[in-house]
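Letters A, B and C mark the chains in the order given here, with residues in each chain numbered from 1 onward.
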């Protein structure tokens, strides 16, 4: 049986998730190459190919003009994976949906150059059908390996619908709240094995929310236990989940 | 050498006692029962005959895909093969339903508590099966048919959503003709060539005469239980004489993992067959 | 069996000798908290710990445990017990281990747990510092700690070591133990008894009163909904609980795409998907759909469901769930006292 053909594509993103794939630093990635053929990958090669078994699409859908390119990727791919937070949930890009003056703040005097025009930042599922999502900013390369392994066998990947707290507890990380800090692990989708709290950094929910996040309780805990102001508590979870919150735009 | 830990030191003395270690079974027949259900006949690879009670369950697995609980769908009175029917719903069932004759499946069991035949023998029996509820009850139906003289009057009500959802077509044809079973069937929605009864399963009660001294077995979607029980109450069947075959998210099949727990009962160990008076006061059961 | 005394200044050499010849697991510091971990040196041991993040059951029932290894259609079990000494277990955790021993033994014996358990020598220790949410003195008083092999208690100038089983007696050879005097024994006894008075939290009713009333409130939907209003369904209360033992089983292939493992992972009945059954076509049925349903299940399981099997509630008052819950709604003392005081 010939090896499945896999392509990588990018839209509005930093392309960091593609770089992350080449960062294994061990034999895992090379071992994976025994089982798949990467036929399109701008970060490491110049070739392009025709039909694909798996298309990994990085980045958000932010311009109507990108729809045609997304549709053409969909058309020639058996499976489309939203690859990384920007593609899966619109990630940090969706922050701009809540701000009118982002261009001036980011680009200064260049703000009115036409190539900087864009509409709302949306997950790619707003434009095309997505079969599976690899969450995270950046995506977890080991989770990606597991997802690809499952797809090679025709098995739907297992993506947790429980929060990061479970993973912190399983590895006995001292809770950020116990250290007087804040955290959003209670509403964040697990699957990364909670590396940030283990390193003393709060979870920012870069993998998005679990299916039913308790946003009201999060605000309450951020205020009562982390000492946040009402405004900061209300807005805290927006960084990676602007497109998932009940007030998404 | 063990592939998971590269150890040569595993103590395999525990294999006999390891409740998570499956046994290989070979598929001797695979038939697409409906668009979504596949009917497998299996034989243990060792050739040994599996001993089980009607109503018991198996954990069926494929390595890499996982394990699912499945009710045995044939009677222990039959040869040294056994049947299971699998509906394509998730990762494991999707993978299993791609298999064919000659392929292997991996089995743990029989597990759980099936039907207590001693309580059923020498009594009138009514089996009420809705949808895929016919699969686990088929083990009891076959048993009764094979040992017909051990039971008194035997009635069987079977309901399916529509004629295309009917399973075990050969069995149905036999039961329609047989004098050994008072068989009635219905579909929720008929089709152009459907000449039988149309309506919910309780409409079959008026087609038969069920007496209060009947032992009743119910298996089907949760919504069905309530309506059937109401009919049985009207007839005057005691609730201790009603047995239900429950479905839950069983995972380990051996009463450990907690997924199928209802109150203090584990469906996979204390059931899946319960007498109705055992569970009627257990919240979350029905 | 015998009761010994070990002088304070002989303690580290005792621990060193034990660590040299056996794998010894004990409480060690992790930032401001404590965890059970393999001891490399006696100095790491912190018998003055209040409570560990995870209970010691992880030594028999790891958070991820391989059950079956496979290579295509060939497979084998992964039971591979390693002898170890679990040193410094507080009595509430000893009670909890005795409960999981029972639960993994009843009906179908699970040797994936039991083999590890049987290979372990448990040395209990007195509580020198009580954690901020503990209520071990007022819960399940009818069930005493049992199943441990020895009990070590810090007293003035040293330790009283009570060997309870042969496995416990076998440890004595690592140190300069002498027979304990009656006054040392009674000092140890009062050290243990005095800690019972220091719990910051207290259940005010007996186990059977609680079991009855909690059970009667099963259908009090409003109560459970309110109690679970701030619940994240995060499962932290389950994962840190010494008497919780639910698990999920998952298969995975290794990178060679041929070999792999079937493993079990600690699961949590508070999480949304715990009782969800896939019906196909994207449909599912969840037998405990709401936060309140799941919150109730946990309280029922701790306060009533297992009482008959265990002789008392499936809660030992360690207070781990109370402090692990960021919304601070999991505390069984608060939940149960509230139910008991309602009319």
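One rule holds for everything that comes next: a residue touches a chain if its C-beta (ideal position, glycine included) is under 8 Å from a C-beta of that chain, and two chains touch if they have at least 3 such contacts.
No experiment lies behind these values; they were computed from the predicted model shown.
Trainee: State the chain with the largest centre-to-centre distance from chain B, centres being mean CA positions.
Mentor: Checked the centroid distances; the maximum from chain B is A.
Trainee: Would you mind checking which chain's mean C-alpha position lies nearest the centre of all protein C-alpha atoms?
Mentor: C
Trainee: Per the definition at the top, count C-beta pairs in contact and tell me whether B-C or A-C has more.
Mentor: More contacting C-beta pairs are found at B-C.
Trainee: In whole angstrom, what separates the CA-based centres of chain A and chain B?
Mentor: For chain A versus chain B, the centre distance works out to 43 Å.
Trainee: Counting in whole Å, what is the centre-to-centre distance of chain A and chain C, each centre being its mean C-alpha position?
Mentor: 36
Trainee: Could you check chain C for residues that touch two or more other chains and list them?
Mentor: 250, 252-253
Trainee: Can you list the chain A residues in contact with two or more other chains?
Mentor: If we look for residues of chain A contacting two or more partner chains, we find 153, 158.
Trainee: I need the residues of chain B touching at least two other chains; which ones are they?
Mentor: 64-65, 90 - these are the residues of chain B that touch more than one other chain.
Trainee: Can you tell me which positions in chain B touch chain A when the two form their complex?
Mentor: It is residues 64-65, 90-91, 94-95, 98 of chain B that touch chain A.
Trainee: Taking the touch rule as given, give the residues of chain C at its contact with chain B in the complex, in rising order.
Mentor: 66-73, 75-81, 103-104, 106-112, 115, 218-219, 245-254, 259-262, 264, 267, 269, 274-280, 287-288, 293, 297, 300-301, 304-306, 308-309
Trainee: Tell me, which parts of chain A touch chain C in their complex?
Mentor: 28, 31-32, 35, 145-146, 149-150, 152-153, 158, 161-163, 165-166, 169-175, 177-179, 183, 185-187, 210-214, 216-218, 220-221, 225
Trainee: Flag every residue of chain C that touches chain A in the complex, lowest number first.
Mentor: Answer in residue numbers: 30-33, 35, 53-54, 63-64, 229-236, 239-240, 250, 252-253, 255-257, 265-266, 268, 271-273, 291, 323-324, 326-328.
Trainee: Help me check something: in the complex, which residues belonging to chain A touch chain B?
Mentor: 153-156, 158
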